[in-house]
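What follows is one structure encoded as structure tokens, with my remarks underneath.
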Amino acid sequence: MNTSMSKHSPRDRVTGTPFTRGLGVVILAGITLLIILAIFVSPADVNQGESVRIMYAHVPGAWLAYLAFVVTGISSVAYLWKRTRSLTWDRIAGASAEVGVLFMGISLVTGSLWGRITWGTYWTWDARLTTTAFLFVTYIGYLAVRGLGGTHQQRARRSAVLALLAVLEIPLVHFSVQLWNTLHQEASVAGRGTDVEMDGLMLFTLFLGVVVFTLMYVWLVLHRQRSLALDDMLDDSGLDNALTARRAEAQGVAR
Amino acid sequence: MIAHEPGIDVVIDLSDAVAVLGSFPALAGATLSVNRGEIVLLRGPNGAGKTTLLRLCAGLIPLERGHGQVLGIDLKNDRELVRHRVGVIGHNNGLYGDLTVSENVRFWGRTVGATRAEVDAALRRMGLDGRLADLPVSRLSAGQKRRTALAGLVARRAELWLLDEPHAGLDATGRDELDQVLKMAAAAGATVMVASHELERAAQLATRQVEVVAGQVREIGAP
Amino acid sequence: MSNSVPGSAGVIATARLIAAKDLRVERRSRVLLNQVLPFALIVMVMFAFALDSDAVLERVAPGLVWLATLFSVLVMVSRSFAVETGDGALDQLRSAGVPATGIFIGKMLALMVQLMVLVALLVGAAVVLYRAHFSWAGGVLLVTTATAATCGLAAVGTLYGGLAAGAKGRETLLPLLLLPVVAPVLIGATRATESAFGTNGIAISEGWPWLGLLVVFAVLFSVAGAVAFGPLLDE
Amino acid sequence: MIAHEPGIDVVIDLSDAVAVLGSFPALAGATLSVNRGEIVLLRGPNGAGKTTLLRLCAGLIPLERGHGQVLGIDLKNDRELVRHRVGVIGHNNGLYGDLTVSENVRFWGRTVGATRAEVDAALRRMGLDGRLADLPVSRLSAGQKRRTALAGLVARRAELWLLDEPHAGLDATGRDELDQVLKMAAAAGATVMVASHELERAAQLATRQVEVVAGQVREIGAP
Amino acid sequence: MSNSVPGSAGVIATARLIAAKDLRVERRSRVLLNQVLPFALIVMVMFAFALDSDAVLERVAPGLVWLATLFSVLVMVSRSFAVETGDGALDQLRSAGVPATGIFIGKMLALMVQLMVLVALLVGAAVVLYRAHFSWAGGVLLVTTATAATCGLAAVGTLYGGLAAGAKGRETLLPLLLLPVVAPVLIGATRATESAFGTNGIAISEGWPWLGLLVVFAVLFSVAGAVAFGPLLDE
């Protein structure tokens, strides 16, 4: 249980802290810079033309979704391991999965817009696209299981098991382009020796995008984790009230 | 003789135990101590928390707050360990409708390591030999199903019996048979806790009565 | 039981008990034989209808076999757990302290046996209906593929079936959880079967890596199920 | 006042009635005649055919052989017509777990044309107003579910009440409330038939006892 | 009730009660929204993946929409009757003398409303996923097709759902009963949708005869259900 929070007065029970506020400002600045670099400064691609600018949202989105799901997996391990068992880990896992689904959604939407421009279609049954869709749905299923109800521990246990199995799909998505011959871009940045040479400024913009998305991820997870903690606390204080009420009921029946 | 670890004579020991269903404290601070060999009757109005108390003692639901030990095992950390030493029957029977009476009883007996002889004895004990033994459970009457479930329970030698309205549906003979089984088990060193609304009948069986009201436990003198 | 405290049966004994019980229930109710099997066959016929072109059909026959299997798995898993939850037997198993690993293995084995029968018949049907080519050389590949795939499907079906068993709206939660996860099985089994059939001129040797994927999947989920089934069932 | 067709004072009239479940003659030639205003207790061992007898009288299963009339309606030809004049509660409650207590009772009341006021009265009668009224039925305790089912039954003005172990699961207050409801209904001209294994309790309620043994009916003198 | 004997509600009133109750259960449990919808979408994705060729896909998109609908119908019907049989409510309805025709119409209407939502979303998904072409001219045809088809599916689903409700092994009996009967719906709806989409250059005018088939089917099973539901439920 997160006992440190209950020491504060209710007024302090907001999800923001000076750190996250500072982080928020940095992120706003970062987004501004990213937009400027991505849309105005970086060059158009030889093959892709202007549409390559979508990449600066598409690729960081996918990568951060991976990161989020991996964090969910790691927190789930931390929850399952007896020595570090704490609902905080479970809440981090849940928060991270939610943010991951969001980023995966961003990547899917930008990807299909991009596809419309370069392949002439929003969607095609390419392995990368399909496996991405499966990954997306898997985590929707994960969130559905979190919402099943039951005690907090039960929720944590079930979803942790599920998270460990789900995270294994990530390599499948990542290597799908090699497993199947596909339309989609091969791993050109993080992949093994490819002959694609990226323009320096493009690479930098992409790098900046990843950094900004990472900061956004951290900001979102911190807030979401805290709001989940508040939800759980609300449950607990609801339990206190309910206990009092039930005890009073027992008094009422006293002979 | 039922085996037991020597020295543990307080079989159930709850203090200020809270158990939560959904977000409702069905048990709101229950304190109860039961010794070996007792037959305790749980009484109290509908929704008071009797079923919840039994399930907590069986290690089926978590102990949210307070302390609890059953058969010397801490409910907070090791409640899974309680289970195979406890015999439970709830509101449901837990039977497979496609299997026959004897197959069901044998299945439940064997999951807890009972021998064939023990299973047959249990069937006889509950009057389920003869025509009924080979009838699929789905064709039984309500009381016959309850009997079958009880036979499955009798087939194992539990140290602690937790029974939730076991008499419901049984006919007069069945009730007598069950009471006799429970008394014999208690005499042999097992402990029994029964929730029931049939107060006159259960009072004859019990060595001690306890009232559950709004999630709390109150002692009532010996009957 | 050495200390004379009556204990529950061991994992292996439990698994055997549960598997025997499930198969006996099937023998009595004949659900697989009388209902799932015709269902799967109808699914395959429906596909044939929906596609409505021989050339296409022949090319996609292996995929359709496994798609039909997949839908049958959904039905069979939900039946397998309906048997347990109908009268609270699953709860009773938990409260008897029966080892969850044993329950998992038992139910998985029973499911696997039934699936093997189903797949064997579907492959037969595909050969007839879609005029799939069946070479004896591809036989070994086909049999190992079918074994690995059914093992994986049974494992993941049992695992998620148990998870969904207690939940309300389980009729629909199960497919949601199951379908995206078994996609790799669908793909792997399809490709391996294609090369066993020699569909589109794919060589048999190309099938083996896919078989590897199936084996990994089966092992993964069998182990995960054996370990995680207890915590998943518990409240 | 419950309305009834004048002149029909024999509400149930079975002679040598046979009812078959699967291939088993659960009722094997039952003869029974019940007058308006009676409260009949059906007793007898498990599997004797009490549930089958009740279901036959409710028009739920066919009359295989013999003769039978309920409320002046012939069971052989028109058993569907019996149904909407009879109130039945079986071993199951027939509730929707996702709906709340009051929604369930209102639903069951309205299917038989009860007014809102009647539904509310029934809820109050069974002690289901207050916190419970807005709780989904899936969260209730066993006895609370039974109460809800009974409230749904009370909300309608049946001419013939057929109750299969209605007390099972109810607490002491609930039993008293139910008995009172049944006595009032009988006083107002309805007829009641109850199967029960709680003989002492049910004997106080009944005006007449009848024993079912192996599918046949035997009279027992007034209590 | 004129003779002051308390009677049951009329057919229309019953239908309204039952439909309202079913929709309320759905609103509480959100099974359609949270589970069937994703399931249907996944089914579409799986099909697409099993077929694995853009050209084929585009041609069979309308068929796949209706195939996915069909599988969802199975799930929804079994859920709809699980609600009734879980605690013996169906038996209680029978014994309360509630008019069976009313029960049928009520459950059918509730199912139809849910199916309409589903089909609307699936058609949307098909337009995006399979690049189906959606012309506004075909809109009218599409909407009437969807209405007639959902009406027919809801009718036959409710009818057979009620038939299977009491039977054991109903999880598997239902698909077996349902799938062959709805084949005409599958074909008719697919062809009508194809011409609404203009798939394979089929003209819109070619769709109307198929629509006729759907209407006939819907009327037939609605009437059959209204008449036969009572006898079917009865023992």
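Labels for the chains are A, B, C, D and E, by order of writing; each one numbers its residues from 1.
Rule of thumb we're sticking to: contacts are C-beta pairs under 8 Å (C-beta built on N, C-alpha and C of every residue); 3 or more make two chains touch, one makes a residue touch a chain.
Model, not experiment: these values are computed from the prediction.
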{"item": "Comparison of B-C and A-E (more C-beta pairs in contact)", "value": "B-C"}
{"item": "Farthest chain relative to chain D (centres taken as mean CA coordinates)", "value": "A"}
{"item": "Chain centre separation in whole Å, for chain D relative to chain C (CA means)", "value": "46"}
{"item": "Whole-Å gap between the CA centroids of chain B and chain D", "value": "30"}
{"item": "Chain centre separation (chain A, chain B; CA means) in Å", "value": "47"}
{"item": "Residue list for chain D, restricted to those that touch at least two other chains", "value": "91, 97-98"}
{"item": "Chain A residues counted as touching two or more neighbouring chains", "value": "130, 134, 137, 140-141, 144, 151, 154"}
{"item": "Multi-partner residues of chain E (at least 2 other chains)", "value": "29, 34-35, 38, 42, 49, 51-52, 168"}
{"item": "Partner chain A, residues of chain C touching it in the complex", "value": "163, 167, 173, 176-177, 179-181, 183-184, 220-221, 224, 228, 231-232, 234-235"}
{"item": "Footprint of chain A on chain E - complex, ascending", "value": "34-35, 38, 41-42, 45, 48-49, 51-54, 57, 128-131"}
{"item": "Touching residues (chain side chain C, partner chain E) in the complex", "value": "29, 31, 34-36, 38-39, 42-43, 46-47, 49-52, 56, 60, 63-64, 66-67, 70-71, 75-76, 78-79, 82, 168-169, 171-173, 175-176, 179-180, 183, 186-187, 190"}
{"item": "Complex contact set, residues of chain B against chain C", "value": "3-4, 58-62, 80, 82-86, 88, 90-99, 103, 107-108, 110-114, 136, 156-159"}
{"item": "Interfacial residue positions of chain B with respect to chain D in the complex", "value": "21-22, 24, 44-47, 51, 91, 132, 139-144, 147, 165, 167-175, 197-200"}
